[in-house]
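Chains: A, B, C, D, E and F, in written order; residue numbering restarts at 1 for each.
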């Protein structure tokens, strides 16, 4: 909940990530944002990707992670899956049409910052970007090894991952990571 | 909140509609469903359509309608936009991947019922379907006339529609409904 | 099998239809074509449509109908699903890329004839077009009534339809054919 | 060329139509717009549609019609094909990304007017919309009859249509306009 | 033809590959599968890709390879092109809708195995996967050098490749494999 | 303007590139082509890509670059955006439908040459390909450093780039070029 007591109108923020999975780095970001807005839209990017080393979880599974991890937060959240249109020029319009109206976008991703800026939407950044990015890759690697990933994500996320047999899935699909094709682990079309 | 006190595990339902707009017919359906489940996914169909007589509101606007209208309901809800893939054969898989896991689907739409049935998902129907369908068309017509639509939707929806100048929009885009093309009011490409 | 004994090279024909379902009208067409070619590609159009009154069967189900109905024909056939690209200007190239090479196209559909003609592909027509078209619509109506459709299709098709509970499916999805939307029976997104 | 001599900076307009074909109604509109801008972008809508009664000509053919008809106009023009994304919410962004920057949009199409208005782009209307729309439908009907269409289009357009055998094409594809399917004349997938 | 004489019902298998080209490794796999099923669906993955170093042949060309190479096999086969939907979550439904019904899937590709497993479809694996994958890459490299590829594919495939000037094609398109873009050899859009 | 005085009919050429940005290498190519044709279609490939290190500019911005750089050329030009269909097999048909009719294609890109050759379209090559390709990558790198890029592009292009704040954009979006994902700089979906 925002702490600016002079505010007399509702302020909604927007924060997008792939959340593969939703982890402590994201959680810290949300906590910081919560002090500045009343409500927060959590855009789940690459909503149509799943079952790969890079994007193991479906949009529905990520909605569950977000919702349960933020159940007790003093903040109204909207987890919204955002499909890839692969057209950067319309990305902001697309995101705006899929989401409740928001006034402030939060991101450190330079492309996201550039697109919002060109569209005239206020963007706030934080120096924590690298921390978020590295944690995601690190966590997935630890999941493949099934060793030490639980320490980097909220408990609720551990529950969801275990419920969907997520470790087994990411291990299985990562075996596809062979020499033949850069697409080896994003598609089900083998040799 | 479900009233079956013998239940010892969480049951989640799924109810899909276009919600153009979310109205009292939908609301009554949700209230009935609430007695049977703990949580409810509200699939917002044709998420990519907007600005037409048939589908005036964006997915984001419909998320706001649902969320605010059900703010005080004793039910955890998940408003989830579902994009059209135009492939009925994969529709159930698509919906399942975009949504938190659900056990029961609620629908009276025969196609939806058939698809879920073929996929082995439990579907529950109600005799209220026609009431829901007719109300949607009726409400949009009243919105175009800006006369009497407020009585058929929750107060929260009135607020959202007024906030986004929804009446002016549906009136404007309905003027496109001319003789030339069946697509006249779904596309911005004129003669 | 083609009857032109002077032929010394392999001639392949191409015949496209939606085959919803494959019926006696199609069968008569194939029999006539068989006298002119050695092999025949059967393009299954609108391969991505299914579960509607207009297109009840999936591409896979139609492949089974064609294959079984033509099991004993003295003709090598290739049932090939052709997805809709919704771009008439590239339709011929698309069909050619999805199909074994063919020299002659068979169709009475004026659009198909025009596209092949513009592309320089030889097209042969027959006056039987209306018979084929009318039979398709008639057969689906009879299926909805579950009365008299068996007489208009090969026995093998009756078997396939019964195996997949096709009558129940087309009956169920046709109930969606209501007043609200032209799309009512092609999509699973209700009111 | 714009006649506002006080202007000291370059003003570019945007006018979209399907131009099936580019006709005198469009030409009169362009002439009026020419008095208000220095340059004009002519958006060719539904660029991916062709070979139908409603949309007989390809984008390339329409580019030729526009270019030749406006060869001697005292106005710099940009014919730009605009593909359908079937997403009204991103339509303005899409058009802006495909087009040289423009300051003023010209349209009478209510949907186009609404979308530009919501996006904050200045839109100018004219009472001539019906004239343009009716002429397009009328011209295509006359083309099918090959009687009297030449009088309603610029001479350059007559040349292009004859060069591409456009009359034969629209006549042929219009034969598909039968009873079976609403899509009969937009797709090459027959019964 | 399956050798299990106690079987009293028809069993159909499903085996997917890109078959670029269909080679001896695939052939050995098909021979082994033939001992377990009555009929076999051969899914041709990435059906929409062609003219690249990684995917040189069209779906139609691959259908010819498969059909001719298995002409004399004691097994009913269905070569079915499967287009990429780039949505792993619906891949199994998609494949099932495009294919005649099958009971057993054969694959060693971990992603394919995972997707079928999650969908409850029986999957059988073999230790030969690496052999298949390596042969495909090796064969295409030998084709580029036009040296020694014939020894690794069935004679019928040699005929098809020569008929379509396949060696010249893969040599030409592989020249695009330069430094500028990872997409250099998959798209016709150069610098 | 073509210099072959014996020509008595209009000859149109086709030259495709991404033009990111339009530079001196392209300009020299156009100048050479101008001696052989009357009119030239400039296909702008990957029209739907923008805001990345590899493809920084939108189709509309590239149309402006081309038009202004060739304002005084003695050659009629048609800048035409060509969207990616990701289907090489229909690429030529697609390009032909989007473009005014052309007789000769100019390209050094081996894939483009192969596709046009298979389609029976005359292709002319030049040894300058590497020069064009290397300049594009070099120029974008210099733009990121904002040092020395102006010398490699026509003055008109410098104007356009400065007008759209192109240097700031390519610098900003190139910061996304990190370790996590090959897609990092083509999509707005971060970790």
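The working rule: contacts are C-beta pairs under 8 Å (C-beta built on N, C-alpha and C of every residue); 3 or more make two chains touch, one makes a residue touch a chain.
Only a predicted model underlies this, so the values are computations on that prediction, with no experimental measurement involved.
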**Request:** Could you name all chains that are in contact with chain A and with chain C at the same time?
**Result:** B, D, E, F
**Asked** Out of E-F and C-F, which chain pair has the most contact pairs?
**Response** E-F
**Request:** Report the chain pair from E-F, C-E or B-E that duplicates the B-D interface, where duplication means over half of the contact pairs agree by residue number.
**Result:** E-F
**Message:** How many angstrom lie between the centres of chain A and chain F, each centre taken as the mean Cα position?
**Reply:** 35
**Prompt:** When the C-alpha atoms of chain B and chain F are each averaged to a single point, how far apart are the two points in Å?
**Reply:** 45
**Item:** Set of chain E residues in contact with two or more other chains
**Value:** 50, 58, 87, 89, 96-97, 182
**Chain-chain contacts as defined at top** = A-B, A-D, A-E, A-F, B-C, B-D, B-E, C-D, C-E, C-F, D-F, E-F
**Request:** Please give the residue numbers of chain C that touch chain D in the complex, ascending.
**Result:** 16-18, 20, 45-46, 54, 82, 84, 86-89, 91, 107-115, 118, 129, 132-133, 135-137, 182
**Prompt:** Any idea which chain E residues touch chain C in the complex?
**Reply:** 47, 50, 58-61, 63-64, 67, 78-81, 83, 96-101
**Residues of chain A defined as touching chain D within the complex** = 85, 87, 89-90, 92-94, 96-97
**Request:** Name, in rising order, each residue of chain C that touches chain B in their complex.
**Result:** 48-52, 58, 169, 172-176, 178-182, 185-191
